[in-house]
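In the two complexes that follow, chain A is the common piece, with chain B as its partner first and chain C second.
Then we have the complex of A and B:
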């Protein structure tokens, strides 16, 4: 009887009444936003995984963008040709699936009329590329391995993953010269492999010997005990966690702790490192090197840092999303800083005009300082913005920026090494696809 | 006469449908059409009583094969799609030798293992499968014109018409197969396997046949998908996608031909359109899971039971002892291993 009652309650009239009540009360933000949207609004698309295993590199970015938009709108919005415009983000959860990414790109461009789309990239970019080619829409990716000579409307302005990982190894070699042997593990996927090649080049440049071939594990791995046992069997000075997802970094660190490893750990990311400390110990995590700072770090108030008021941004973010700060929380917002500057300079929000303005002069104001548009060697196109990158170390349970190191300087000295390892792992642009 | 009118009206509605939708809904419609073929082919497999967890991987075999034939040998895309389907059927035939030594739950687990082996091979061998990143830049369907309509296969409407035609033909074939003596034997193998065996039916051969035919259609669905998106990777065919297929089949019901199709259509609209439009973007997995639980609790015989109930007054009582539906009743509770 009860299910019959439920079904009878699900009438069209009932549904519409409930929906209108929800819209009125603001509980359906997607619909409510459209109703109140002003005329002079610039819509920006956010096409990234918001659910599923890769959501940690999507959702925190959208949260960061909302904070960025509030700040910009409160300060008068974006000025285009003397007129002020507010910014609105339209999100689409692509679930890290190329088919859904294609659908999302179509919706954002043809229905929501966005002027720029930010993506995580990776597996989802090939699904979107035909849409980008047809429409000329400007896209950004966090993964420059998506770049190729054909991707003329795709830019990687926030991070040159995984090239910045060389800065961590360089700092390690300068500050802990007694560490001479390393091992590495990574998931065998589009994020893991170019990072493996980069770390191999960085270790070779730093004179650090690899004890064994990088251990590539299947992305479906859930039991890391045997991985770690094999990894540390030769008692290495350094364990490198490559660009593992946080779902891997956490259990690997736990296993390293449980299996008594006492050496140096280096990783691309250490998202939610406070949780790793809870599972291991402050002493165990002391000295771990990674690449993504907390934005309450005083070093980010230095001259030359272009991210506006990073400490305040971090504070607001943590108030709203406690415990969710991660590698990408600030990155999409920093891309928006660049896009805003480009649009204001161009006096237009049209994708080609903004792109031309952003790349004008061959340099741009990256979050961590002035940077240059670069990448022809590795990606076949100069659409990656590269400059300084922070080296972050955990000290007394807190991430601290220890240095800002130049990626182009490293590349000028060791570029051939990087190309050698990238080629060995089929990661050069002309080897992909 | 009434039947003919129904089919004409349905065809007209399906032709008009994309023009009533937004651009993104047209995209979803393309994927929905392809998924209809996938889930209908899955039902064909379940007719013999076996539920496989490798069906989506077999779909991937068709996708990879078709992409490979166009990339490496320059085979014309529609021909390559058919070859992809044949390849999927052949791979299924090879798999059937070890798999059909098992039954029920063991077959289910065995099929999962077989599927994972194929997926791992795609990941392991960068040449020719592209490794974890898969294949991209897959040749699209070549555009053409028929005078009154220009087919531009980048546009979802054009691809929908193409895919819908292919899927309609496939559904008709599957319908005919199910209604043929072969199809009736599939049912016998499921419901009365000992009796069928006693009557001289080679039960294993019929199970293999259902598996191979269903895999061929799934492979064709994969090929349709690959040449539309232009990229495929091993994750596109993982167990998560298989769970969606199972959900469509269970929520829709498998006793009738249209049950799983109904499940696929309703759940896709709910997940991809209704929940997204209502602003529940990030809560979709939660709501979707809740709907699955509720439907199992309150609709144990699937959505098809609602349709059957609604149509009951209009149906003539069968003259003999054949059931009112299209096939012998099969509730998920009793049918799923």
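Then we have the complex of A and C:
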């Protein structure tokens, strides 16, 4: 009887009302708190390959950003219009796939309400560009070859890949003038081809002769013995590894060692070079030139370097992610330095206001010194921040910065050469599909 | 030029060795069970990760790691047979779809267990056989060649000279007739799966110190294996071995004298040519095709 009474009292409407009251009374304060807290959080999107073969140029960057955010938040966060905000990174793994990158960009903007999205770029940018055009969201890329007159909300403020590769070749020509012949290999993709054109221009400017056409290989290649056999068949003075991914640089170096090569190696990156040394030898790797320093390098403590306490950053990074320091570990964090300065200057986190503040005056503080917004000649738009770039050489098993060389100075002298080779490889902004 | 050709020949022999191990395993599974195992590349990947775990991380001897790779991946094959391929035996597409799902699971497990980055495996040895200044054969690559000859030779002996081998071949030729003769289809399927998966595993383990080991490394291997199988004749073990040698030589020579992208195009063109001229492949029969 009592059972029936309870059931009759518990009508559907009554049940819903009671449940709503219960849920509402329990959860509303929580929701209100979260909304209040969210008002003081700025979310930044991190849309890069976190898995797959290109993950080495995504995941370490996100790890670096987390360290950057902890430092900024502990120091009071980002001040916008007199109010302090903490920073939170929202990662999305695009697996270096344009379609997934597009989905990720939409999700980050609509669901996570991010105010800025950092990308690796390259093959993934064409997937994202329609989203950028539609929403006006500010994006950054590590690859300025993504830039064109249409990409008005895309900036390349950290690295001007592959243009900085000219500094390594210039330094090589100045310091080892007896090396006169070179060969090159690269994967046939959006990262490899503009880099091929850049190295060709740099070698030509330096008076170094190419022994053969650059050897392109499929990104799915796993056995590099045939590639290396061809490369060294003419006894070149220099083997250039272009912008090969670390998955390629390691086996290519190992093959060069095993097939008896004894000349100079130059590469855009040499991520995890200690592992290459273990597979070859310290003597074999001595003198290898590349472009990405370890941040414990004393040269980074010099005046004019705009990266806060690089040695400490490197130490913390290696404590948390031992053996994972790579080319991009610091780059996305350095982009955040620029974005933070822009947002604080603008007093707003809205994309257009931050972009205007960042580009105000035509110059910016790049990690390696003051730089200028540049690129109209090459990319059709001045959205790349260009200045000095380090030349790094392996000495006694350790990466050492040997020089900081100016990219604009090189371009002023040899810009036409670069445009010639970029055009030959269909890499000028008006040639890219 | 002679030296360049000799080095190219050695490079091609190495490539033919590991490709044939993978392709023969795939053919064996298809021949006996009628299943296209899309997860075969991931079995290769698991074999490589056993070397990462045992040799690189736990610092066990390389030979132990290789042996474990063969057995562990063979056992993984038995799990696949029992849990996926046997229940789906009457569904022609079921096994294929299930293997695609399984490859994703294996990739995810590798990512969770080892991370997404390329694994570093210390060199087993840096010894190189120097024939001349420009003709060299690193010992780890020689290991792969010798292992492939020994394992494929053992497989040939097993299939031609033992009762289990005869049963396997009978099941591949006509499963119903074999069953009527008292041959257990389940038993032959288990043997085929263990051997086929084990060969992929040992190929991955042997080549692990020479390639970039990552969760997605199986993709390019399975694509090559499929090309080889189509060229050799679907279901033909001899065809798989011969096609591995042909494909490896063509791909290596074209890479060395032109470039790697053209080599891929030539490799695929070779497959198309065989499909046009002899659709059953070099050693295939109309029934198998």
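Here is the rule we use: the second predicted complex is superposed on the first by the 394 of 433 C-alpha atoms of A that agree within 3 Å, B and C clash if a C-alpha of one lies under 4 Å from a C-alpha of the other, contacts with A are read in each partner's own complex, and residues count from 1 in each chain.
In this text, contacts are C-beta pairs under 8 Å (C-beta built on N, C-alpha and C of every residue); 3 or more make two chains touch, one makes a residue touch a chain.
Note that this is a predicted model, so its numbers are computed, not measured.
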| query | Touching A:426, do we find chain B (first), chain C (second), both, or neither? | reply | first
| message | In the overlaid three-chain picture, which partner chain does A:71 touch, first (chain B) or second (chain C), both, or neither? | response | neither
| request: Report for A:369: first if it touches chain B alone, second if chain C alone, otherwise both or neither. | output: neither
| query | Does chain B (first) or chain C (second) touch A:217, or do both, or does neither? | reply | second
| request: Scan A:324 for contacts with chain B and chain C and give back first, second, both or neither. | output: second
| said: Quick check on the superposed pair: does A:110 touch chain B, chain C, both, or neither? Answer first, second, both or neither. | reply: first
| query | Thinking of the overlay built on chain A, is A:134 touched by chain B (first), by chain C (second), by both, or by neither? | reply | first
| query | Between chain B (first) and chain C (second), which, if any, makes contact with A:188: first, second, both or neither? | reply | both
| query | Touching A:408, do we find chain B (first), chain C (second), both, or neither? | reply | neither
| field | Overlap of chain C and chain B interfaces on chain A (superposed complexes) | value | 50-52, 59, 188, 218
| message | For the complex, give me every residue of chain B touching chain A. | response | 22-24, 27-28, 31, 120, 123, 126, 130-137, 140, 154, 156, 225, 229-233, 235-236, 272, 276-279, 281-282, 284-285, 297-299
| said: With touch defined as at the start, can you tell me which chain C residues reach chain A in the complex? | reply: 4, 7-8, 11-12, 14-15, 111, 116-118, 120, 122-123, 126, 128, 130, 133-134, 136, 138, 141, 210-212, 214-217, 219-221, 223, 251-252, 255-257, 259-261, 263-264
| query | Of all residues in chain A, which touch chain B in the complex? | reply | 3, 6-7, 19, 22, 28-32, 50-52, 59, 91-93, 96-99, 102-104, 106-107, 110-111, 123, 126-127, 129-130, 134, 188-190, 193, 218-219, 426, 432-433
| note | Listed in rising order, chain A residues that touch chain C in their complex are 50-53, 55-56, 59, 188, 213, 215-218, 220-223, 225-227, 229-230, 233, 246-248, 250-251, 254, 257-260, 272, 275, 278-281, 324
